[in-house]
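Shared between the two complexes below is chain A, which pairs with chain B and chain C, respectively.
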Partner chain A sequence: MIETPEPDLRQQAQRAGSLSMTGSVATRALGVVAIAAVGVMALLALWISPPDAVQGDSVRLMYVHVPSIWVAYGGFVLTAFASARVLWRTRSGAGGTYGVIADRQARRWDRVAGAAAELGVLFTALTLVTGSLWGKVTWGTYWQWDARLTTTVLLFVTYLGYLALRRLPAESRARARRSAVMALIAVVNLPIVHYSVDWWRTLHQEASLNLEPGGDRNITGEMYWTLLYSWATFTVVALWIGIHRYRVLRLEELAEEASLEELLAQRRDEQAAGR
Partner chain B sequence: MWREIWLVCRKDLIIEWRARVTLIQIVPTVLLVLVVFAFALDANPSLLGEGAGGLFWVAVLFGAVLGAKRSFDIEAEGGNLDALRLGGLAPAAILWGKAAALALQLVLVGAFAAAGLLVLYSVTVHEWLLIVVAGLCGMAAFAICGTLYGAMTVGLRSADTLLPLLLIPVAAPVLLAGTRAFDVALGTSADQGWSWTALLAVVLVTYIAVGWAAAGPLLEDA
Partner chain C sequence: MTHAASVFSGYVLAAAATAAYVGWVIRRGRTLGRDLGIGARGPVPDTADESRPHD
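And then the complex of A and B:
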């Protein structure tokens, strides 16, 4: 398979330079939907949904805590999938070369992986913060060396490392492939985090929703629907932020290449003037 | 392929035999970690005994980080990786050869650490077979993971600081499952020791699969 080179970089860079925002009509519409959905979610979570018989009002944190980790899982799985695509598109037999990635698809998947991992880290941090607040109310302490808490922190640190690796200066192909391998190893931790409450004696409660066929629900009624709605809302918000991050990553790449192109053009002009 | 793997593994082991870095530096560091834990826990024998399984794996994980770093330091100098590839060796053979050599060195480190547990923490082993099988699975998993991350960070200016940050969290499944299996083998837990060993084996197989897929991408760009 022959790699398709990016279209004229200078042209793209000029386009990028003329863009001061990452928004488009579609993302603005998505943004409005996301903000409205968050408003409705606040209404559902804070007023309409009843307090829990045991946990009282602290159960309302669940509407942020649980959907955030679901979205974070989704982000990490997407990172792994996009990374597999990067490795596939840049494999040696596909005409891969050293240096900059020429294949447009590979570059896109690399940006998807980066944006999805950032979202995963952001939403994992939100999960840890809300979980910690919930722990203070319920357990009387912000932190417990509980299996799920510990494995979630490890997941968080793993992907912080992944983002650190992505930021190291390197040729784009080497960086993308190296990060892709790490994403594929890191995703192994996901099932361990998820099933830690079943595998270890733990303070953390069992999963709120059992998605297996015939599985029991630990919550019902308004709480159940509010939780599902919150998950949908968080997914829309994540999608909105993710698209913007993807475009920021693309603009960064284009700006980087544009500055190189400009320097080269300047050098050529100087040489021409010197003759 | 097997012959190439053996060649790389033998090369690393010969270098280790001549330099004796594992024996002179990594093994003492791991034993030192066990001693320092005793300071940290105020040499409380009951606490040390209860946590012996976990402390063993933490100490060996530190050893694995050092071993992985060392394994690629010897290749970074003078562009040895390029030389190996120019010599016609397949990237997968280089990676698996290095992983095999690191695994053997970690088995040595683990043996010393286990002796350290017996002597320093006065633990009693109830299931030797479980210790051996879980230990070998864990060492192999650490070695593969360490080699992958060593290859990932080789030649980077911040490799020294980045490698532990990347390797320790990713190796956590091995640490957790290994600890549980050892707790059972040492009689400090009534859990299902072999189930945890099976989980270790699953993680090991996953790392092997990722290693096969990743060898080319990592070493072509290293």
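And then the complex of A and C:
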């Protein structure tokens, strides 16, 4: 099944004067907002927010470390939600045909799952690297196999596996369904990572922000607002990249279908010539 | 490692990794658009030898 290339991709890119196929007026505006927000975040995090009484300036790593994992959590939750939608739209009796995803919505949710998981992996990697640097100056070591760090590495490796599974050659419907199943299994680790500091004795500190009603805030004042602002900035950046990645996945599908059509046409020509 | 060095390394690494990923996504989109002949500036003209007018 070949769909004609969606004209909106090209029109969007032309309107935005974009050299890529993934730009649009909206993503260009979002990109400008994201870059400006990053600039303000750097100002708040590196100059305006005060050093910590105990940790000194190293606390500034928190403004990258904590929002990174929050955005990664968001990406993985979105992957699970989109995967559930894929499984629902491609279930037997839902009008899907064997071999390819006939349902347009299922294809879209599959792309959402792929883009969100990739961003989740990127931001989990940033969390691990910045956490390691922060650990060196506060704990005296880059790494400890404590519950929070170990479960986070497991989360990272699991989603790397998910991305690898998405790349295995298979019929699009089968690939989307098995990836969706894995995403729903992988997301089980998310609450384990989050609550690991409460469930086990860990070197890692407890949650930076207590979001439960009436809970004590571990952070207040400029640090609190800088952390929230950093989280908003990371969310906008992730959204911006995610939209581009979603559109690239659409192009990858088109390229795959085009090459399949080309192969089939070649085979038909060979058969016709052989008669 | 001093506090300043760890903060600097963390911010630079985060910025570099994100920028590298953005660059890869944009380049991939551009390449695929060109390969499919649906680039933002329209289909890429075929510049292969056989398509050139013969002298």
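Basically, the second predicted complex is superposed on the first by the 241 of 275 C-alpha atoms of A that agree within 3 Å, B and C clash if a C-alpha of one lies under 4 Å from a C-alpha of the other, contacts with A are read in each partner's own complex, and residues count from 1 in each chain.
Methods note: a contact is a pair of C-beta atoms (placed from the backbone, for glycine too) under 8 Å apart; a residue touches a chain by one contact, two chains touch by 3 or more.
Computed from a predicted model, the values in this text were never measured in an experiment.
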Query = Taking the superposition as given, does A:Leu190 touch the first partner, chain B, the second, chain C, both, or neither?
reply = neither
Inquiry  = Contact-wise, after the overlay, does A:Ala72 reach chain B, chain C, both or neither (first, second, both, neither)?
reply    = neither
Task = Compare chain B and chain C by how many residues of chain A each one touches, and report the one with more.
result = C
Message = I'd like to know which partner A:Ala125 touches here: chain B for first, chain C for second, both or neither.
response = second
Key: chain B versus chain C as contact partner of A:Val248, first or second or both or neither   = second
Inquiry  = Once chain A of both complexes is superposed, is A:Ala42 in touch with chain B (first), chain C (second), both, or neither?
reply    = second
Ask   = Given the touch rule stated above, what does A:Ala106 touch, chain B (first), chain C (second), both, or neither?
value = neither
Ask   = Which chain A residues qualify as touching chain C in the complex?
value = 5, 9-10, 13-14, 18-23, 42, 46, 55-58, 60-61, 64-65, 68, 122, 125-126, 129-130, 133-134, 136-137, 237, 241, 244-245, 247-248, 251-252, 254-255, 258
Interface residues, chain C side, partner chain A - complex = 1-4, 6-7, 9-11, 13-14, 17-18, 21-22, 25-30, 32-33, 35-36, 38-41
Key: Sites on chain A touched by chain B in the complex   = 87, 90-92, 96, 98, 151, 154-155, 157-158, 160-162, 164-165, 168, 170-171, 173-174, 177-178, 180-182, 184-186, 188-189, 192
Ask   = Across the complex, what residues on chain B touch chain A?
value = 145, 148-149, 152-153, 156, 158, 162, 165-166, 169-170, 172-173, 176, 203, 206-207, 210, 213-214, 216-218, 220-221
